[in-house]
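Presented sequentially are two complexes of chain A, the first with chain B as partner and the second with chain C.
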Partner chain A sequence: MNKRPSASGATIILILINLYLGVPILATFLFSIAGRWDSTVLPESYTFHWYVQMITDPGVLAAIGRSFLVSGATVVLGLLVVTPAAFITYQFLPALKGTMRFLALLPYALPGVILAVGLIQLYSSGPLPIAGTFWILLFSYIIVTLPFMYNAITNSLQAIDAKTLMEAAESLGANRMAAFVQVVVPNIRPGLISAGLLTFAVSLGEFVLANMLVGGRFQTLQLVLEKAMHIDGHLSSAMVMLYFVLVAFSSLMLIAVAQGGGQRGSRAAGRAQAGSQMTGYAQ
Partner chain B sequence: MPSSPSWLQRNLRLVRREKWTILALLPFALIALGFELLPALRLVAGSLSGEHGFTLANYQTIVTGRFYLKSLQNSLVLSLVSSLLGAAVGTMAAYALNRAGQRVRNAMMTFISITVNFAGVPLAFAFIIILGESGALTYLVKTFGVNLYDKGFSIYTWTGLSLVYLYFQIPLATLLIYPAFFGIRKDWMEAAANLGATPRQFWTYIGMPVLAPAVLGTFAILMANALGAYATAYALTTGIYNILPLRISRLISGEVSHDPGLASAAAVVLGLIMVFFLALNQMMLKRFRGVKA
Partner chain C sequence: MAHVKIEGLNKFYGSKHVVKDVNLEVAQGEFLTLLGPSGCGKSTTLRMVAGFETIDAGKVYLHGKDISGVPANRRGIGMVFQSYALFPNMSALDNVAFGLRMQKAAAGTIREKSVKMLAEVGLEQVMEQFPYQLSGGQQQRVALARALVREPEVLLLDEPLSALDAKIRIQLRELIKDIQQRHKITTIYVTHDQEEALSISDRIAVMDKGKVVQLGAPDEIYARPANRFVATFVGTLNQLTGQIVDGARGVLDVAGQKLTVPTLAGKSGQVAVGVRPEKIRVLLNGAAAEAGEVALQGTLKSAALLGTIVRVTAEVGGAEVKVDVLNNSRLPGLTPGAQLSLGISQENLMVLE
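== the complex of A and B ==
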């Protein structure tokens, strides 16, 4: 009886939200292909000039390289360090599980700006003066992305029942190391890929720590973008679109992994799950 | 149990047996210690120390200095407005998605998952393009005879900031609240209707109470999200708007107002507020699971 009016109400809500979320992205895209756009609602002419300028600008290219380097390194080192730690506490040292959970929860209470205040005081001088270098970014990004790294891995371990798998492998004669590398790791691969994609997307978008800890000494894409946006809007819009495409690609891959990882249930639920995993970090 | 001697002995034996396993934990332990625990401790220690050892002067300055209280107030208001609106819009969006057809729902969920990471500097830039002084939307509205910037609107002050914060709150809220609607079963609605309840009565007495913990928990997450946000406001106002995160950053890395002790104290205050909202979320999460079980 009242299904029709509220169904169209739902449609209106969705349209409005789509507009609110879509228009800024669309406008940035238009700006990035606009030739002249001064005092009109829509651009007066179109061009790819700004994209060409972006990929031929050595400063921007170097920044893209640095962003990929630090994000990629965070993914690799994060997986290498967190996977064994999560596995070992899960499998052999349940006494440490509470500590691990605390460590994986604490970064939520330590957003970049807070973490940076502690890090600057520790590493500006003293025995390990790495403030202003690539290294401090790498290690602090591992902490920032630890919550979803740890959760993704632990959830996967639970889902495949790693305990039984390990017992089976060891009873068949595999030593512990071999059982972990050859049996457990391949089985939790979807979780590792999810964790890696998220870590990559978050590291790529990270600004606070980069700005406060290294600033001009290791200019990432976000830092260069922030400088450029006050000077050259068109070049900046091309950079924003590049960043958007990279993040969108990571999100789509993440959804694909969440749906392909053997998880039954509605596709929308998979999307919600993949999406809410992506919400680890405040910007 | 922990006080009995056998507990210690058992653990010592465990450590000896699992030597290599524990060694494999070492890299993680070092990183967590050096870049998570020590910075947090250094922060607290720094906030409590002055030239002559232990002091509460830093906290006193925050409480008495109008400047710092104002930045805290600005942060709270901005976060509150964007979180309340964000939670409200997110609830409506989750409701609408629940009623939508499969295809619309899948497409929307994908789009929202993408926008949830579109925040910070790129988002600030996008909003300047549409709502800056010469933005497209500002211009469009002007053609209808309304000059937003004469009416007191500016993307660079708190009205604008609220809109931009709202942008990154909506996708997060939608994704977090959406699963809660699964908790409301179709047969409840039918049963209520059979007993003569109007849809309004159903939502007032059954729907809303079931959703409430999830919505409140999400609100807490949104508060934490907005309170800790830095990049968006930094990029929009080149770091000068008076909210707590930007003030902290100027105190620690600024040249004029460099004061690490005060920065640490302000960071501890912000951290404690974050902990409060995260604890609220955990509490609501437990309650929500309780309802579902």
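== the complex of A and C ==
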């Protein structure tokens, strides 16, 4: 008889994983509220000084605002552009599927530094001189997050067999637009949500492009954070904690908004393709 | 005038010619089945009628009007898919209502018609359920209701039952036939299951390698197959191959046994004849073949109880011959190795070419 892993074995693994993921966060949190912490295991004293300093710094709050703005815009614009593109490729241009997959993977292969240098050269003059502005950051983020967007959406389309659903809708008198909006989009909503979440998190945490493309002209949270790290470890720990809370909170918000806007059946749609989502990013 | 007319239909995928010059006419209210093995081009033909595949050559007419260039959503043709293709985000009721909503019917009418249609397929109890909460058979009934509620000109079904298990398959096939007759709806049905095709169709078009090789009523296809492919694909067929030894009278030598088959007169060389299992008699207690019958001697290999019938397998000159006898006929000791005399009426021997 095969020995199945026992329940206690699974519990131990789960605990270890949670420790591995949780201890750094906990330590960061501890450091962010530590007063003196030189020769003891735990801090000798605690203080909210760093948090107060962070919150009262208008630079930090403004940076948070900028980060949210550019990340949110990346999600919205990315979904608006990539969803139809992925759908049209999947539905009408299957011959281009390989090319599109390749293009969508390209940002993975390009280090941010190279991308940044190229973008600066291309956009510092010419018809679209947007170098150093919010716009170049936004557009570069859309490119960088393309792999998440494109693959998540394409995988969702395949998972629900959107081709046949389109045909069913058309045979029932729907034109292509109606079929897409009323049948395909609601059923790939879980894919759109996960694509949006990943995109949002990646954009919020991006440093290299923000630093090189806009730098001080559009200071994002990551730039401020990096600066703080050179000044004081406690302050930067406090900022990491804030960043962590913000990402968690906005992810939950995004999920709530996206699902709340759905019809009764979005749960059903999610179920229909449960499990198909996470497989996509590996390829 | 034919309700649906398919004229010189052709389809290529790259250099692969998958539908070759298909011509068919379907009368108002007729149930026509496209039957053929996997890959013979049934679905492609159906999908060209539906408007989901472009037509490389040929035309499709509906009521005499050329619809070859009309988009699928304006052909007024209903479709049922093998994979059900229900909208996962909508309840059974909303799935059925979808087509009526596209017609911009009044909300009250939509609900009334959808509920009525769901009741007709026996699903009024589960109207509010989502597809993932329904069994395969229930899902396909929703799909059927969804296609029919719009009262389409023509109903197309592409292997609607092949994902279901045997019992449900038969139930649902009766339901489909029932509703089709009640609504007198012109239907084109695709299947690779010959039994399904025989039981449900008014006429069958047997397809092979992109071509329609025979078109006719089920009994006609079964009793008078146009060629060896149809004969073997539709139903079970025993084949006896032998040498013509008397061309004038049509005497065939099968492993030393002489069979006189009048329809073989004038032929020579090696010939194959076929016979259906239920057209063979087991001659009991040394009974001789009757007039107009040929007799065959064989050895019993096995006898399998299939329920209503017993399938007896005998060996005749190295070839297997299957014989179906009703379970109520009193066969004495069917022990393997026993000698068996078989009688076949001459008219039931088909010449295969």
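Simple rule for what comes next: the second predicted complex is superposed on the first by the 215 of 283 C-alpha atoms of A that agree within 3 Å, B and C clash if a C-alpha of one lies under 4 Å from a C-alpha of the other, contacts with A are read in each partner's own complex, and residues count from 1 in each chain.
Going forward, a residue touches a chain if its C-beta (ideal position, glycine included) is under 8 Å from a C-beta of that chain, and two chains touch if they have at least 3 such contacts.
Quick caveat, the model's predicted, so the values are computed rather than measured.
Participant: Pick one for A:T56: touches chain B only (first), chain C only (second), both, or neither.
Facilitator: In the superposed model, A:T56 contacts neither chain B nor chain C.
Participant: For A:S45, using the defined touch cut-off, is the partner it touches chain B, chain C, both, or neither? Pick first, second, both or neither.
Facilitator: Neither chain B nor chain C is touched by A:S45.
Participant: For A:S140, decide between first (touching chain B), second (touching chain C), both and neither.
Facilitator: After superposing on A, A:S140 lies in contact with chain B but is clear of chain C.
Participant: Under the stated touch criterion, which partner chain does A:L21 make contact with: chain B (first), chain C (second), both, or neither?
Facilitator: A:L21: touches chain B, not chain C.
Participant: Quick check for you: in the superposed arrangement, does A:S125 touch first (chain B), second (chain C), both or neither?
Facilitator: neither
Participant: Would you mind checking which one, chain B or chain C, touches more residues on chain A?
Facilitator: B
Participant: For chain A, which residues lie in the overlap of the chain B contacts and the chain C contacts?
Facilitator: Common to the two interfaces on chain A: residues 176, 268-269, 271-272.
Participant: Would you pull the chain A residues touching chain C in the complex into a rising list?
Facilitator: Residue positions touching the partner: 160-161, 164-165, 167-176, 178-179, 182-183, 186-187, 262-266, 268-269, 271-272.
Participant: Going by the contact rule set out above, which residues of chain A touch chain B in the complex?
Facilitator: Of all residues in chain A, those touching chain B are 2, 6-7, 9-11, 13-14, 17-18, 20-25, 27-28, 30-31, 37-42, 80-82, 84-85, 88-89, 92-93, 95, 103, 105-122, 128, 139-140, 142-143, 146, 176, 201-202, 205, 207-208, 211-212, 215, 222, 225-226, 229-230, 233, 236-237, 240, 243-244, 247-248, 250-252, 254-255, 267-269, 271-272, 274-276, 278-279, 282-283.
Participant: Where on chain B is chain A touching in the complex?
Facilitator: Those residues of chain B that touch chain A are 11, 14, 18, 21-22, 24-25, 27-29, 31-32, 34-43, 46, 89, 92-93, 95-97, 99-100, 102, 104-106, 108-130, 134, 136-137, 139-140, 143, 167-168, 170-172, 174-176, 178-179, 182, 199, 221, 224-232, 234-235, 238, 245, 248-249, 252-253, 260, 263-264, 267, 270-271, 274-275, 278.
Participant: Give every residue of chain C touching chain A within the complex, in rising order.
Facilitator: So the residues of chain C touching chain A come out as 50-52, 71-74, 77-79, 81, 83, 85-91, 94, 98-99, 102-103, 130-132, 143, 146-147, 150.
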